[in-house]
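The two complexes that follow have chain A in common; it is paired with chain B in the first and with chain C in the second.
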Partner chain A sequence: MAEHTGPGTRDVAIVAFGQTDHRRTSDELSEVEMLMPVLHEVLAATGLKTSDIGFTCSGSSDYLAGRAFSFTMALDGVGAWPPISESHVEMDGAWALYEAWVKLQTGEADTALVYSYGKSSPGSVRDVLTRQLDPYYLAPLWPDSVALAALQAQALIDAGDTDEPALAGVAARSRDAARANSRAQLGGSVPQGDYVVRPLRTGDCPPIGDGAAAVILAAGERARELCARPAWIRGIDHRIEAHSLGVRDLTDSPSTRLAAERAGAFLRPVDTAELHAPFTSQEIVLRKALRLGDEVTVNPSGGALTANPVMAAGLIRLGEAAARVHRGASDRALAHATSGPCLQQNLVAVLEGDPR
Partner chain B sequence: MSNAPRHSGKEPVAVVGIGQTKHVAARRDVSIAGLVREAAQRALLDAELTWADIDAVVIGKAPDFFEGVMMPELYLADALGAVGKPMLRVHTAGSVGGSTALVAANLVAGRVHGTVLTLAFEKQSESNAMWGLSLPVPFQQPLLAGAGGFFAPHVRAYMRRTGAPDSVGSLVAYKDRRNALKNPFAHLHEHDITLEKVQAAPMLWDPIRYSETCPSSDGACAMVLTDRAGAARSPRPPAWMHGGAMRSEPTMFAGKDFVSPQAGKDCAADVYRQAGISDPRREIDAVEMYVPFSWYEPMWLENLGFAAEGEGWKLTESGVTELDGDLPVNMSGGVLSTNPIGASGMIRFAEAALQVRGQAGEHQVAGARRALGHAYGGGSQFFSMWLVGAQPPTT
Partner chain C sequence: MTEVLSAPLVVEFPFTRSLGPVQSAFLTGLRERTVLGVRTADGKVLVPPVEYDPATAEELRDLVEVAATGTVTTWAWNHEPRRGQPLDTPFAWVLVRLDGADTALLHALDAPGPDAVHTGMRVRVRWAAERTGAITDIACFETYEGEGDVMERQAQSHSGEFAGEAVTGIVAPARLDYTYSPGRTQSQYIHALSGRRSVGERCPSCRKVYVPPRGACPTCGVATSEQVEVGPRGTVTTFCIVNIKAKNLDIEVPYVYAHIALDGADLALHARIAGIPYDQVRMGLRVEPVWSESGRFPDHYRPTGEPDADYDTYKELV
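What follows is the complex of A and B.
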C-alpha cells in the first residue's frame, strides 16, 4: 500500500456510497423519508447494521429546512438506539466525511456512517443563500448566488481565461456525461438558454433540486472485509479564504490549490476528478488551481451541473469518485467539494484503489 | 507532515489557552465578528500564542436562526484568523459547545494538527431564541413555547419519581446565582439575591419559576488545544484531557427515559472508562454541568453516576454541590447565570479546565485535580462530555 501523503497516520477508505434520484421537487417526502433508502443502501452494500457503526456524522442546513435543529429528525431515521457516537456539521456532507475521517484517525472507531441531505425545493435557494453572506455589509443587499457566480465568470472572461462558448462546452460535456448517470436530475442535450445573470446562461447554472447521499468509511483491514476494492483516502484537506469578494482574486482558488497540495494531489497524476463546480465558470477556476489537463476525466458523473442538492453535492463528489475506484474505472481520483460564495471554502481528497 | 512518523495510540491533548467575553444580555458595542474575536484573542493571550501558531479553527454554535445568519463561519473566517487554514463548523443542538471542543481535540489526538483554536458563541440579542426554537413544522410535535415548555414535564416526572421536595430547584438557583457573583464573566450578577426571592418569583412553566431558568446571553468562549510539544511550551499549567465522548439518541421513541436518558449514561461511562474513573463521586473534584433549568442539577447528578437513582436531590439539599461542598457543581454560576446557547457547552468544558489549571479565581475549588465538563442538547438526546486533569494522562 502506498504511503500517506498528508496528515493522518491510519489507512481509511470509502467502502460504500449511495445517493437518491435527484429531482426538482420531493413534496411527498420529508427529509427523513428521502434519506432512509440511501442509508439502507450503504448499510446493505457492506452488510453492516446501524449498531455496527463506530461513528456517525452528518451535514445539513437549518436554513434550507426552514427550522431549527432540522438534523434531529434525520437522526431519528438513522435508528440511534441503543445510543450512538454521533456528530453533525452545519456544512456540506464532505466536511462531515472529514470529521469522520479524523475520528477514525484517533483510533476510537473503525467504521463511520456519513450522510447529508438538502431540499432546496420548498424555498427560493437563490434567496436563501444570500443569508450566508456578511450580515452587516453584504446580506442586506441580497446579492444572490447566481449574481455572485456571474461576477466570477465575468472576471474570468475579462482575464482571458475563458469565453462564453467554452463555458457552453463545459455545460454540454457535463450533461452528456449525465446520460450514463441514472440519478442525475438533468442530462442529455440541454439548451444554453437565455442569460440568467450575464454572462451566465441557464445552461451555465446548476439545476435546483432535492437529494441525499451517504457514505461508509472503514479503517485498515476492516475496509478490505467490507469492500472488494476500497477507495483509500490517500490525503484529505480543506482550506477557507477571506469572505469578502473584494479582497479575493475570483479567477483563482488558492484554497483549493493549498488543500490539494496538503492532500498530495500533485505528487502523481490523477486519472479522474470529481469537481464540485455548480457553475460552468467554476470548473475553469478549479481546473486551473488543480492543474488538470485534458487527459483527466473530469466529472464523469455529470457533476453539480446535472444534480446539485445543496449540502449533499460535495459529499456526492467524494462518493462518485470512490464508486469509480470501487468498480475499477479509476485507480487514482481527485474529489473536491466547495462551500460559500464563489468557491470560498474548498476540500480536496485523493482516492486510490489497490494495484490490480 | 509528509514524512511524519507513524505513531500508535492517541496524542495527548492539552488546554493551554482559555478566553471568554463578559457575558451580557446584549453586546450592542460589537458585531458578531467582534464578539468571537474578543474571546479568541483572550485565549491566545492566555496561551501566549499568536494567530500564526494556530493550525486550524473549529467553531460551533446553536441554530443559525438565533442570529439570522446562515453558516456564519464563512463570514467569520477573517475575524478568526482562519484564512488559508481549515475551518470546521459543528452544530449538535445545545451540546454543541462541548461537541465543538471534542472535534477540535480529535484533530490533535489524531495527529492531524498540532495546535487548534476552538470557539463557540451565541449573540442572542440578534433575535429571539425562544421563538426561533418554536417554528411550526408540519406533521411534527411542536416544541411548545421554547425549551422550557419542552422540559418542564420532564422535571415534573423527576419530582414524582423521586418524591423530591418542591424546594430543591430553588436551592440550585440560589447556589448558582451566588456562585456567579464570584465569576467576573458571568451574565447575571444578582447582588441582592435571597432564597426567598428565588422562591417568590413567578411561575413560568410549572414547576419551573422564572428565577430557575437560564438568561438569554451574548457571549463567546474560546480554547487553544495542543499536543505534548505545545503543552511543553505553555507558559501556564495546561489542563490535560483524560477522556471525551459524545452520544446521541432519537428525540422521542417508546421507552425513552426523558428524566435520565440512556445516551447520557453511556456517554459518562465512556468518559470514565477512558479516564480510569471507577467512582466518580470520590474521584472527580468538581463538575460543570449543563443546567438550564434548576432541577436538571439533581437529574444529571443521577444520570452521570454521582448519585444513585432517586438520590440526586439529596446531594443538592445537603449542600454537597455548594462551592465549599465535597462535590462542587457549577462553580462558575453555570448556565443558570450565563447562557449564550451555542457557547454554554464550551463554557462548561473551559470552566472545568480552569479548575484543574488552578485559574478559576474566586470560584476556584481548592486542590481540584480532576473536573468534568458536561453539555446536553435537543430533547435530552445529544450529550458531550470531557474529563480534564492537572496531570497528563498515563495511558
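What follows is the complex of A and C.
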C-alpha cells in the first residue's frame, strides 16, 4: 500500500508541540486555565497569532471531570471570537490532529492548531471509562479500565507472549526514560507494587493525572517558514476493531497493523516509535503488530506509563515524536495513539525530517 | 491567593435504551434462564449476540440456543470489587466461551481465590434469583465439575420467542462521583459573592471586564487576572418571561429572567427579576441585587427606582 504522498496530497508537518507538566491534581486550575499556557507556547514557538490559524480542532471528554460542555469553555483560551473555523472530537486529541490533517489536505487551511486536555483528578477514571462501553452487555457490569487491560495481559501470558518479569521490564524502562522528561508525572525507580487487578500491578498501570497538549500543523512552504526542521507527516491512518472483547484476539492488534500499513510505516525502518500503551502489556501487543525490533527506540519520552492525561496522551505521542524530529534526534519516527478498551481503535502516523 | 473551592458533585442518569430484535431475544432469554446466540453467514455463533456481523456488517437474525456451561478463555483477579460490579466479594473477571459458541462473553466468576482460576477451566452460569431481562440476570459464573464432551455441543436453532412479554428495552442507571473544583478564577468570584461583592476580571489586551470571570478572554485568548469590582447595580439588557415551572424550584410563574449588565462590566450575566410585575419589566430597567438568606449569592434583582438607562449606554451588551 502506498504512502499518502501521491498526486493531489499536500505535504503537512507538525511544526510545534507543547505540553503541560502532568500532575496528579490541578484543583487550582479550570480546564481553560490549564490549557492556555500550552496554546501560548506553540503559538510563540511559531510566531503565529490566534487570528493566523486556519483551523482549530480539539479532543476531550466531559465525563472525565464531570463538567458539561467543558470543551466550549476551553475555547475561551484560543480567542474564538470573532468566530473561528473550529471542530471538536470526543476522543483523544490524536484524532483531532487527524481531522486537522484532512482539513489541510482539502486546501481550505494552511495552518491548524490542535489541542487536547484531560482532567482525571476530579473523578474516578477507572469508573468513568466504563461509560464508553457497550451499554447493553458491558456497562451494567462496570468492568473498569484496569480489569479489561488485565484480561488482555493474562491472554498474552497464556499465549506465551510475555510474563510478569517482562512486563516489569517495560515499566522500568519507561520510568527510567522519563528521568529525561521534566513534564512526566512518574519517573525514576518505581516499585512494581501490588496487584491492582491480577496480573497487572501498580507498576503496569499508568499514573492518573491531569494535563494538556497542543501542536501546530502547517502545509508546504508555510511549514518551512515556521519551523527549522518540520516533522512531515508522511502517512497517517486510523482503524477500528469490534467493540466486544470476546470477538477479538486480545493478543494481537490487526487494526494497528493495518493503520501502519496504510501510513507507510513498513516501507522503510523507523528509528523511533512513540507508542500509546497505557498498560505495559499493551506495549507487547503493539511491538508485535508494528514489527518493532530492538534497534528502534521505543517511547524515549517514557510514554503513557509516565504521564497519561486521558484524551491528550495520544496527541502527546505525535508531539513527542515530532519534537525528536525537530531537534534532529530522529529522521523517521512512528507515532501511535489508541482509544477504547484493550486497544480497540488505533492511529498510526509516520513522521520524517528533511535530509540533513 | 484565595483558597480554591471544591465540593462533591454527583452525576447520575438513567439511560433508557430500546433493543433491537436480537438483543431483545437475548435479554428475554436470560430472564427465562436460556442463553441465545446468533449465527453468522459463515456459521460462527456469536455470544453475546449482536444485530450486525462485526466482520461483514451483515444483518444477523439467525438465533440459536447455546449451553449455560462454558470454558474460560482469559481471566483477571479482582481483589477489590468496585461499586456496581457483579459481586461484592473478591472475584475473577472472565471471558467465557459458552458451549456451542465461537466467541466469549464478559462476566464475573465467583471463586475462592486466584489459585482456583485458570484459563481453560470449566464454568457454568449462576442465575440471579430475580431476573428482569438484563445482562445482570446472569449473577456470575461458578466452577462447573460436570461431565460432557464440549466439542460435541451444537447450538440449536431457536425462535427467540418465550412465554411472557418480550423485553424491548433496558434502563441502565449510571452514577459517577466527582470532587468538583472550579479553579482559581471562579473560586475568587464565589468568595467575593459571599462578601456581597461581584468581582470580575479585566482582559489585559482588550480591557474588557468579564463577570463572571472564567480566567480567559474569549476574544483575545489570553489569561485575565486583574480583578475589578463591578455593580452592585446594573441594567436589564434583554429578558424573557418564563411560563413553565421548573422542577424543584419554588418560584411562581410567570416570572422574568433577564440579562443584566452590571455597572462596569462588559458582559451581561443572567438572573431573575422580582419586585415588579412581570409585564412591566423592560430593556433599560435599572436593578440591584437582593441577596439570598445565606448571603452567598444574589437571589434575584429588583428595580432601583432610578430612571431607565439610555439604550446607547448598553446597546453593545445586548
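Definition applied: the second predicted complex is superposed on the first by the 348 of 356 C-alpha atoms of A that agree within 3 Å, B and C clash if a C-alpha of one lies under 4 Å from a C-alpha of the other, contacts with A are read in each partner's own complex, and residues count from 1 in each chain.
One rule holds for everything that comes next: a residue touches a chain if its C-beta (ideal position, glycine included) is under 8 Å from a C-beta of that chain, and two chains touch if they have at least 3 such contacts.
Note that this is a predicted model, so its numbers are computed, not measured.
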Quick check on the superposed pair: does A:P83 touch chain B, chain C, both, or neither? Answer first, second, both or neither. first
Practice prompt. Based on the superposed arrangement, let me know which partner A:R131 touches: chain B (first), chain C (second), both, or neither?
Written response: both
Note to self: I'd like to know which partner A:P199 touches here: chain B for first, chain C for second, both or neither.
What the structure shows: second
| query | Which partner does A:V296 contact after superposing on A: first (chain B), second (chain C), both, neither? | reply | neither
Looking at A:D158, would you say it contacts chain B, chain C, both, or neither? Reply first, second, both or neither.
second
Worksheet item: Taking the superposition as given, does A:L258 touch the first partner, chain B, the second, chain C, both, or neither?
Response: first
Where chain B and chain C land on the same part of chain A: residues 30, 63, 66-67, 73, 75-76, 79-82, 128, 131, 135-136, 139, 242-244
As the complex stands, chain A meets chain C at residues 27-30, 32-33, 36, 39-40, 50, 63, 65-67, 73, 75-82, 122-124, 126-128, 131, 135-144, 147-148, 150-155, 158, 195, 197-200, 242-247, 250
Residue positions on chain B within touch of chain A in the complex are 1-2, 4, 6-7, 9-10, 31-32, 62-72, 74-78, 82-93, 99, 102-103, 106-107, 109-113, 132-133, 135, 137, 139-140, 245-253, 261-263, 266-267, 378-379, 381-382
In their shared complex, chain B is touched by residues of chain A numbered 4-10, 30, 56, 61-63, 66-69, 71-73, 75-76, 79-91, 95, 98-99, 102-103, 105-108, 128-129, 131-136, 139, 237-244, 254-255, 258, 262, 264, 339-341, 344-345
Residue set of chain C touching chain A in the complex reads 4, 6, 9, 11, 15, 17, 19, 23, 27, 46-48, 50, 54-55, 73-79, 82-86, 93-95, 97, 103-108, 114, 119, 134-136, 170, 172, 174, 176-186, 214-223
